[in-house]
Amino acid sequence: MVRVAILGQGYVGTIFAWGLARLKKGLLEPWGVPLARVDFGVPVESLEIVASFDVDAAKVGRSLYEIARGYGLEPEPELKEVAVSPGLKLGSTPSFIKTAALDDGRPLEDALARFRELLDDARPDVLIDVTTTVRSRPLFTWEEAERRVAEGSLPHSQVYAYLALERSGVAYVNAQPAHVACSPAFVERAAEVGSLVLGDDGATGATPLTVDIAEHLAERNRRVLSVAQFNIGGNTDFLSLTEPERNLAKEETKSGFLEDVLGYEPPHFIRPTGYLEPLGDRKFVAMHIQWVSFGGFVDELVVNMRINDSPALAGYLVDLARLAYASLRAGVYGTVPEINLFYMKRPGPLGTRHKAKMLAYRDLLSFVERLRESRGLPAREAVTRARTSNP
Amino acid sequence: MVRVAILGQGYVGTIFAWGLARLKKGLLEPWGVPLARVDFGVPVESLEIVASFDVDAAKVGRSLYEIARGYGLEPEPELKEVAVSPGLKLGSTPSFIKTAALDDGRPLEDALARFRELLDDARPDVLIDVTTTVRSRPLFTWEEAERRVAEGSLPHSQVYAYLALERSGVAYVNAQPAHVACSPAFVERAAEVGSLVLGDDGATGATPLTVDIAEHLAERNRRVLSVAQFNIGGNTDFLSLTEPERNLAKEETKSGFLEDVLGYEPPHFIRPTGYLEPLGDRKFVAMHIQWVSFGGFVDELVVNMRINDSPALAGYLVDLARLAYASLRAGVYGTVPEINLFYMKRPGPLGTRHKAKMLAYRDLLSFVERLRESRGLPAREAVTRARTSNP
Amino acid sequence: MVRVAILGQGYVGTIFAWGLARLKKGLLEPWGVPLARVDFGVPVESLEIVASFDVDAAKVGRSLYEIARGYGLEPEPELKEVAVSPGLKLGSTPSFIKTAALDDGRPLEDALARFRELLDDARPDVLIDVTTTVRSRPLFTWEEAERRVAEGSLPHSQVYAYLALERSGVAYVNAQPAHVACSPAFVERAAEVGSLVLGDDGATGATPLTVDIAEHLAERNRRVLSVAQFNIGGNTDFLSLTEPERNLAKEETKSGFLEDVLGYEPPHFIRPTGYLEPLGDRKFVAMHIQWVSFGGFVDELVVNMRINDSPALAGYLVDLARLAYASLRAGVYGTVPEINLFYMKRPGPLGTRHKAKMLAYRDLLSFVERLRESRGLPAREAVTRARTSNP
Amino acid sequence: MVRVAILGQGYVGTIFAWGLARLKKGLLEPWGVPLARVDFGVPVESLEIVASFDVDAAKVGRSLYEIARGYGLEPEPELKEVAVSPGLKLGSTPSFIKTAALDDGRPLEDALARFRELLDDARPDVLIDVTTTVRSRPLFTWEEAERRVAEGSLPHSQVYAYLALERSGVAYVNAQPAHVACSPAFVERAAEVGSLVLGDDGATGATPLTVDIAEHLAERNRRVLSVAQFNIGGNTDFLSLTEPERNLAKEETKSGFLEDVLGYEPPHFIRPTGYLEPLGDRKFVAMHIQWVSFGGFVDELVVNMRINDSPALAGYLVDLARLAYASLRAGVYGTVPEINLFYMKRPGPLGTRHKAKMLAYRDLLSFVERLRESRGLPAREAVTRARTSNP
């Protein structure tokens, strides 16, 4: 059994919990779980959600069952067994949330201590950070992290990662834009204490497709003249992005790939653009790319998407929790670029060059082969399976 | 020097000749030539157009210079040196073309003999087939081909390929949908006589992008529900596709990849759809794909493109002529799936399974490495170059 | 009470019946009913479905309640009261339908007589034709209609219209492409016997929007260079359009407007394009328009839509049934171009020039004013209401 | 002869001058000039550009001929006759422009006096304001305007309008978002002194189309759930909109129409969104609209456009200069809502309710009829012409 804790019980975390319960009972096809058909020794059935943390007063104390219903989902009864514990709001929680956080009316030091106790109780193997987007800077030493946690100047994700890495043998999966797997302080610490950080910022929507389209163009030696990409949605994530600092954080993780993939950086405008409530979680994406073809002729490509934002990430989390656990068990500590490059927008460790997602996928399959070998499973099968087992 | 003959002096063949002359003089950046920066011993400068064939009375006897001007291009004076010779119309030339073909008012046997003489004079190393789309069936034995050429029941592309393969040491690059590289008769014959066929049907527009998008979805285990793809343009190719048989030929090469890439065949409608003169060579593509994401949520993707159809293929031809020649020189006969899988819509030999173009590109680079090694060039460099030398 | 008979109990007719029942009980907002807020003396509540005809063996004998459930709708119990009677298949019913028609194994003459009896029983005020698309020619004299009905050479819609117009004081609303309101024979007959025909072919999807966009461009004196429009869907209507004759019928009603609205006919390709089952009733539309702006610069517009085909037409039917009845009551016989020009793709009578839908809407409001006046309702109010009462 | 002065010799003003010269010589079809075919007594040939003002050091002192060539246009020699005079930069000129303005190193009072002298020399009948977008507030009294001009606290457009309205018998056409025709101070002053202000903000791109699409939906009683509209371009206008205040000014004029047209204000996000240099003047627009259709079904519409921004407005200016002059001559002073409602995004006077552009066009044609009558031209012809004379 893999003990999983969710940080941030928003729509992503809830779809994850709801879908996982249904997957385990065979009520749901595992569409959207990239490695659903690849056996590396950690089946979906082994995942168990043991804790959940949030700062939203409307959620703290409620069960995942109640929260799932609040999102209009039909949850399995098992979700009644996990209640949301209060988390840490720090200075980085959006102002539109009414909080019931550990650090509401309690000194930071006490709040941290209280959170440590909750972790002691939950004993998670894997912590999944799906909290609100926050901007951050990389942290370079554990001492720096220590000092800044104490003084209360770090955003919530880096504080959670710090608290997780005080422990050993745990994995921290950071699916949002804060620098966790891109903080050398955390990667080095994890390597030292037999832990793991994966991240940063799940790559689920228009960005990974754009990466692959960029590679597609590069392979034909087409010269990209410009890229414009707009995203607008109506979920809480988009609402939080109306705060300029958060928007900037997102913009940074969304456009970093162009130079690495193309070999040059074309003029571009790639941003989460706005909040429009009736779009709900099904965001609208519009993208325009133009390039020079043979003979100097200019071609144009427009992409429009309606993407269910949260389910796409929730599907990834099913893999990430399993891969994190399998890696730990195989003695892989620190971070795993082969995982990050496929699943993340800004793959750790800091300074990792992007590559086409399709190429990252091949590397991921090779890494999974190594995991299989470490378990004594027959080699070369994972790749084959992944290509053939779509029913 | 690589001696190149063009079969079908339409817009593609003309952009190719016009652009090649400019490339050789450094007047054009090699955008749209996929391997422009990869050295495998056959530089662009070594290509020389030595002959051109067409059946259009408005073209036969004219120089490539005059024809390029007729298409509104500003050609280099070198193009005056090649005049269009009459080709074979057979039963497969579109009815809207007024012909001046070898088989106009001359017995087929005599016309074939005359074409053989023209080939004797031109001595091409590489023949490039950019004639009008035609529907065909695979040919399984050389005897069958022989008999059907004689009785006049084969479409022009298969007849041209037959006549080319009577010779040895030549490469036939088939950039249109007829079965040439997908005719076992031709591949086996080429292997026997030290020749090569590449094909079929250049993959330049929406199809290769769709292949890669399909792979992108498959890697995330998203279940594709349907694919609709429309193409409409105003060039002669689209005009010829208004004849139902040709349209069917095109449809076949456009949608074969889905099952191979996805592992199942989703309902789809993928077709060249119509002719609309004012769109010119810059076709309009509209595509709709929907799939199931995690939790059963349905996402949608719409792609709209304006693509300069002919330049895209002309850029490929610069590579294909060079790769064909380099392969022959390295003793690679028959056909080369590594080349076909990247550049072609229905890659030969018959029965080849499609794969994502991005994966085919990796295989192509490996094949190019082998070409380099056979020339004593240092190994492992091509790949690196291809990824880093975009200026 | 207005007695309504439905001809063709497909998805449109079923959404109409299902939605009408819900509207009457206040369970549904009247969105999609253009004149929902305009009072011309025939409230929605007065409509009563008294009969339904179909030839599909899977429907004949079933109640509208059962049929609605079969389409996945949650119907009101009232729908149990109407059962589907057998209709006439003639030579024009799609081959993919297994029929249980009046003319299955019964001489045509007897079948017609039987249908007349069913009409005698139902005594409809308004017949709504939402049968499968069929191609036809206009009929010019009642005698011609009589003769061709007898010999069985007319498609079902024209036969139904003929049988309806044998009666007096009835309205025939033709929402499909056959020539009914565009058959002088029917319009003249209706005028003589105090009846009414409205039609042809409900204008609900991309076509009316294209008409208005064309007007928008014309008002700015922009020169339209080309129009491409594709439609693909997965309902029975699209399935039937895979039969070439039906497709042609649809193409004709879809592109007739360009010359009338623009003053010239630009090159265009406007067609229902294909059937793709997973799209269901929510068709996908792609449209490309390019034009010359000031100074000779060329602009481009691409429209993509996902439109619920059947509900859009069902909403119109709520108006059309009411308007037809109100017109009859006001002594307006023959046909009403003011109604047809707004609601229909090929507005009758034959030869009517198209106009922008937005201008047709103004004329419709004026006609409704006249209906109001004939009922002694205060003038000038309808227009105002229509513009201001959206809540 | 109508004497026209251009304020802001950017790309719009230059396309206008370049195109007008070509129109007058019959070298250009009048596409994009809405009333090109409507005779109201002021033919295109009567327009004469007599002055031009700008603050850009790279333009002041240059002839329109030189400036047109700088934009890559091939200008007529007549454009050599007009040189750009220095204008007023005030506090509202974008920081990225190196200025050579009248108020560079000269007290404001002197600069204003100097501008008055330049107007005395030029004696324009019509001033056209195509300066950079600036945010403003309406001005309610002439005294307020007077005081704030003197203290230098007004943006350039309002200062120019003030200086123009010190004179009588002139028309000020404000094609940018500042409050001019929406400043009661200016409209009242114009009415008093026999002058005219038209404005504000030319409605040429996505906004007027969106207005008409909104009307189209309203007429079918479809309930609009949300509207998202993005605009991105590479011209100086988009560059200036990267300054937040200007962006806000634009956003205000772009989204005011929804409530007036629909009768309610749906959630919306309608904004100029970004600057992307390689798009040039041909901006990219993406729009998403979703609505409720009959039965509660939700439809979606996506519009993508590539629009040449400046030519579209330049074409309008040909009409606006002529209409302004014709109005003055017919004794129409103050402002003309019938003109503003069709050509402008925020039609003056302040408080004017928007209406569909297609309805505004009808009112415009009626107004033009009145202009014709005042000239003794036969009535009822303009409308007819406008609808039928597209060749």
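Each chain gets a letter, A, B, C and D, in the order it is written, and its residues are counted from 1.
Assume contacts are C-beta pairs under 8 Å (C-beta built on N, C-alpha and C of every residue); 3 or more make two chains touch, one makes a residue touch a chain.
Computed from a predicted structure; not experimentally measured.
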item	value
Steps in the shortest chain-to-chain touch route ending at chain D and beginning at chain B	2
Whole-Å gap separating chain A and chain B, where each centre is the average of the chain's CA atoms	42
Where chain A and chain D are represented by their mean Cα positions, the distance between them in whole Å	47
Centre-of-Cα separation between chain C and chain A, whole angstrom	50
Residues of chain B engaged with two or more neighbouring chains	300, 302, 304, 306
Pairwise chain contacts, counting only pairs that touch as defined	A-B, A-D, B-C, C-D
Partner chain B, residues of chain C touching it in the complex	225-226, 228, 230, 232, 234, 266-269, 271, 273-279, 284, 286, 288, 290, 300, 302, 304, 306
Chain A residues touching chain B - in the complex, by the definition given at the top	15, 18-19, 22, 28-37, 208-209, 212-213, 215-216, 218-223, 262-264, 282, 291-308, 311-312, 314-315, 318, 356-359, 361-362, 386-391
